[in-house]
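Right, one structure below, let's go through it.
Read from first to last, the chains carry the letters A, B, C and D; within each, the first residue is number 1.
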Amino acid sequence: MLETRNLDKSFGAVHVTRNVSLKLERGERRVILGPNGAGKTTLFNQLVGELTPDSGSVHLAGEDVTALPVAKRARRGLSRSYQKNTLFDGLTVEENLGLAAAVHTGHATQLWSDSLAKPEVREIVDEVANQVNLMPYIHAKVSEISYGVRRQLEVGVALATRPLVLLMDEPTSGVGPEMSKGFHDLLNNLPRDLTMLIIEHDMDLAFDVADTITVLNYGEVVFDGLPEAARGSKLLKEIYLGSWEDA
Amino acid sequence: MFRHNALRYAVLALLAAGALFQALTAEYFGLEILTEILILAMLVLALDIVAGFGGMVSLCHGALMGVGAYTYAILSTKAGIAPPVAMAGSIALTGVAAWVIGAICSRSHGIYFIMATLAFGQMAYSYVFEAPIFGGDDGLGGISRLDLSFIGVDLNDSRSFALFCLALLAAIYVASVLILRSGLGRSLSGVMHNEQRMRALGLTVWRVKADVFGLSGMIAGLAGALAAQHILYISPGLLSWTVSGEALVVVILGGLGTLVGPLVGAAAFVVLKHELSAVTTYWHLVVGVILIAVVMSRANGVFGWFESRWGDRIERRMADATRKQQSEEVLTDA
Amino acid sequence: MKRATLAALGLATSFAMPAAAEDIKVGLLLPFSGVYAALGNEIEAGFNLALEQFGDETDATFEIIREDTEVKPPVALGKAKKLILQDDVDVIAGIVSSGVLGAVRDMVHGAGVPLIVANAGNDEATGADCSPFITRMSFSNSQVNRPMGTWMHEQGIGKVYTLAPDYAAGHQMIDAFTASFTAAGGEVVGQEFTPFQKTQDFGPYLAQAKASGADAVYVFYAGGEAISFVKQYDSFGLKAELPLYGSGFLTSPLYVNAEGPAAEGVITALHYVPTIDSTANAVFADAFTAANGRVPSEFAVQGYDAARALIEATKTGASDRASLANALRNVKFEGPRGTLSIDPATNNVIQPIYVYETVAGEDTLTQKVLAQLPAEADPVNGCEMAPVSN
Amino acid sequence: MAHDLGFWTLQALNALQLSMLLFLLSIGLTVIFGLMHFVNLAHGSLYALGAYFAASLAAVGGYWMGFFLAPVAVAGVGVLLYSGLIKRMRKSGPMAQVLVTFGLIFAMLDLTRIFWGDLALGIEVPALLDGRLAFLGVEYPTYRLFIIALGLAIFAALAFVLARTQIGAMIRAGVDNDAMAACLGINVERLFFMVFCFGCALAGLAGAVAAPLLSVTPDMGLQILIPTLIVIVIGGLGSLKGAVSGSLIYGFVQTFGAVLAPQLASVLIYALLAAVLVIKPVGLFPAKG
């Protein structure tokens, strides 16, 4: 479903992505682990097109999308959430979801009618609101909901474009362990055919949702395999836990 | 996205009543001022749509209005095209010009956007200023007004023309609200709040910006065609960047992103200008000082200040009511 | 259509109420702010001086209502409408820029309000766009420049390079000069029109003039542009090898002191020079200098003569719009500029033109009159005027 | 168009002269923007003020008094503006700043009219710089060569200060990241104040230098504003390199445009600006990538 071949990216002398090749099958849930500065977010940015790789390619559902701009990749089914909330602050939860849903249904550029009044849009908004437990806050403004709920909305907005592949950059970043657990339950309840790539900091939590695990270090894939194998990997513990302790 | 609240409705009603009263009772000069206000109001509505709801602070809207005015004048006087067609033509051409400018500038932000639009405005100004067909610095006369005699309206009468402009302004206001509430308008506010996210959701951001800029340009073009018919004489000064600057001043002094505020601002600005210029030739000084004072007061314009003082109270009461309702719904759901 | 417009606006001549006899309301429509503010002030000073000096000659009293055009044609038109419709003036005087004149022309013509033009010189105003209600007491662009072509050729100048700002007046001034200069047998070897009010550095054009092989340079610039031009012309050292001639606005007394020594030796032609040797001019110039602390410029005399024309017109007993318009077309008097009369075919003033050289005076620059060229009427240029009926 | 080498040399010098005048103006504006993110549309008015101060001072004590004291006087106005307005506007968005400085343009335009009148003023070139010099095979006005030399000298001095001195390092740190600079113990507020006043002084200097060349009129500030803005937007905001390259581009396009394509001269520069913004939306050499 999503594949990268030999992705490479440098910023001046800093080599942030080294020859990364990944392959996600349809419905696969993969967690990317790695210490701070391992190049996880940079990799995401290249996947969605916010950064252009120096070399290598990105393929979505069998098509080479390396040259496509962000919006076109998104319309082909690649959606992402951000590590820092990037919500529409003055708007309500419903409107946030509606904006994303309208792009998917093609009502986002329509002049003659209100996108949020369209049944297709409403259907997606209601469905996503249920999926990420936002129903109780649906009419509240972003500024009125708690940080944890905002993290749910962050994922919800990404989901409302009905993606084939959902990239989530530390969805539980900044929320307490209790809530993180709940968050992962929520992810586990998403439809099974949705392909997910998740950046996660907390290894234990990662194992809750991961079908497969990829570990990045200094921009390089150092581990790629099943969670069980990862748990036992000595290499992984060394590079990952070492820096995790300071974080 | 744009919402009305009780205060906005109240001010709108007051403005409409005031304008109507003025249109029906004023003497000649009062009607002139009213018409000037109505046309400026159209321009600032156009500007508020892009600046207040799309974050596109344009310094070329005066020039766009000028393009509309010149297109109407050239089409109706030199090309001999019937005024209604010329008017449609000027709206269309200004819209297209604005769309192109919006598309080109869509990648620029903040001060760069301001400067880029300024450059396009100055380009139009220089061209009109120098091309002989436009009459150069001396301008262009011999313009005639729309002929509505088939419905028994003679626009050459100032009162009828003022009422005609008032009707068009009302239509433009409704159209602006509809634009802002449409899918496009929602996406625009999404882009203003967070352009990167909208792009990541799959929105072709530049198209949204260009489309809205084009629509706004059409309104500016209509304002221009009316300005040409109002004064019956146009000159390149209409396209000068200071006109755009003044429009921006009106939008901000009125209250950016409130639609109603800029209308209040337009009325206040024109009246103030006329009153001051009757007293002193140094009226720019007074306007400058007022402008500085208002912006320094950190309020969102006069209307914005009023709204944050009184509107919030009304808003909060309404929000409380809906929230109560919501929590009841949640309870019943559970 | 035009007539219908104005009739419907309630402006038809019949609508204009004659003012109370002998109390004449005058709208003074001048720029008091904007780039021509200095000219507006100068004209007003001249206008007031004439009312003071000659006001007693007529029984009429004058009420002056001044309005600022801001040099913006639409603003000026609005102010003209106000003067005509709200203040109900009997006559309007003033107008500096041709753009403003073009804007108000149809308005005053349609409303039948006499307008005394105190500056704006575009040829059409007393040509194709002439009106029995518009009388010009200042000059026309061609009038000032036409005699200079012949005169310069007579002085033995064969090849000329011309420069002027790229707007209607610039073209008219240069075209009139070119026509008479080439008719006399001269050759214009190069011509450039610089972006109007946007050119600050004339260096590029001066280098071209120098390279053109001309014997002299003939230019029209006014105001700030004139100051920059004259100073830069001198700084490139062109004055010695390539004498500078031009329309007299270039070295107008209003600006010549800002130009300084750079203006010395520049030869230009104009309808007024403060050093004209006549009693009328002495009376005017002395009084003006005493009141304003500077020598009068052509703009001051235009304001002065505009008021003078109005006074002369009222002496015939004219007091309403129509009778004033008729009387204004027949005024004739001896003023600082010499004998002034109105050309019945165009309503433009007929006046002599003075060729003068700017020279160093005792402590400031002064003007040395080289020649007085006889007064000539402009060609009719398509002007057709119906007489005004009361 | 049979022009000899001398003609083109002359035009190149004209272009350079215009560029240097614009450089003096744009460098202050661009550094103020780069450091403080403050858009000062009234920069042109400060230039006009510099010219008026120079004209008044020259009448009292000759050209050099105006040359040296006008920048000081304009810097004094800068002090007033900074403590009265700018300091409080620092946290406001660019729009509020554009508006306040737009109001300042209005106010200062009329203030110059009230103090100095509507009549254009002029000052004479000092005796020392009067006349012409033979230079590169052409005779060129000494005063214009002086402007070129002054522009280059100030460019060199600024380049040195920015690259090699303590204060230059502080400014660079501030442009790069003012929060970080504050953490490093730099008194950012004082730095801003100094840079703002220095920018004003340079604008005043530009006015004083331009005064003998041009005429001193109330609207000269408005006339120069648009070219200055074009310069810094083409060059990219906040950088010395941007200001100097933008100035050179403007000077040469304007001068050679006037010679080679006079019909297009005034539209050309706007078209160029639009083209630059399409290709590089933040200008050629912005301070930040």
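To be clear about the criterion, a contact is a pair of C-beta atoms (placed from the backbone, for glycine too) under 8 Å apart; a residue touches a chain by one contact, two chains touch by 3 or more.
By chain, with names taken from UniProt: A = ABC transporter ATP-binding protein; B, D = Branched-chain amino acid ABC transporter permease; C = ABC transporter substrate-binding protein.
Since the structure is predicted, the reported quantities are computational estimates derived from the model, not experimental observations.
Taking the mean Cα position of each chain as its centre, C sits at the greatest distance from chain A.
Put simply, the C-alpha centre of chain B and that of chain C have 39 angstrom between them. Look at where the CA atoms of chain A average out and do the same for chain C: the two points lie 75 Å apart.
Mean C-alpha positions place chain C and chain D at a centre distance of 37 Å. Shown for chain C are the residues in touch with two or more other chains, namely 33, 37, 195, 198.
Residue positions of chain B with contacts to 2 or more other chains are 126, 129-130, 282, 284.
Counting partner chains per residue, chain A shows two or more touched chains at no residue at all. Shown are all chain pairs that touch, namely A-B, B-C, B-D, C-D.
Contacts from chain B toward chain C in the complex involve residues 27-29, 32, 36, 126, 129-130, 135-139, 141-142, 144-145, 154, 156-158, 227, 231-235, 237-238, 277, 281-284. In the complex of the two chains, the chain D residues touching chain C come out as 3-4, 7, 10-11, 13-14, 17-18, 113, 117-122, 124-125, 131-132, 139, 141, 143-144, 212-217, 219-220, 223-224, 254-256, 258-259, 262, 265-266. For chain D in complex with chain B, the residues that touch the partner chain are 33, 39, 85, 88-89, 92, 94-96, 98-100, 102-111, 113-114, 222, 226, 229-230, 233, 237, 263, 266-267, 270-271, 273-274, 277-278, 281-283.
Residues 48, 50, 69-72, 74-75, 79-80, 82, 86-91, 95, 98-100, 102-104, 107-116, 118, 135-136, 138-140, 157-158, 161 of chain A are the ones that touch chain B when the two sit in their complex. Residues of chain C touching chain D in their complex: 33, 35, 37-38, 41, 192-195, 197-201, 203-205, 207-208, 211, 223-228, 231-232, 235-237, 254-255, 257-261.
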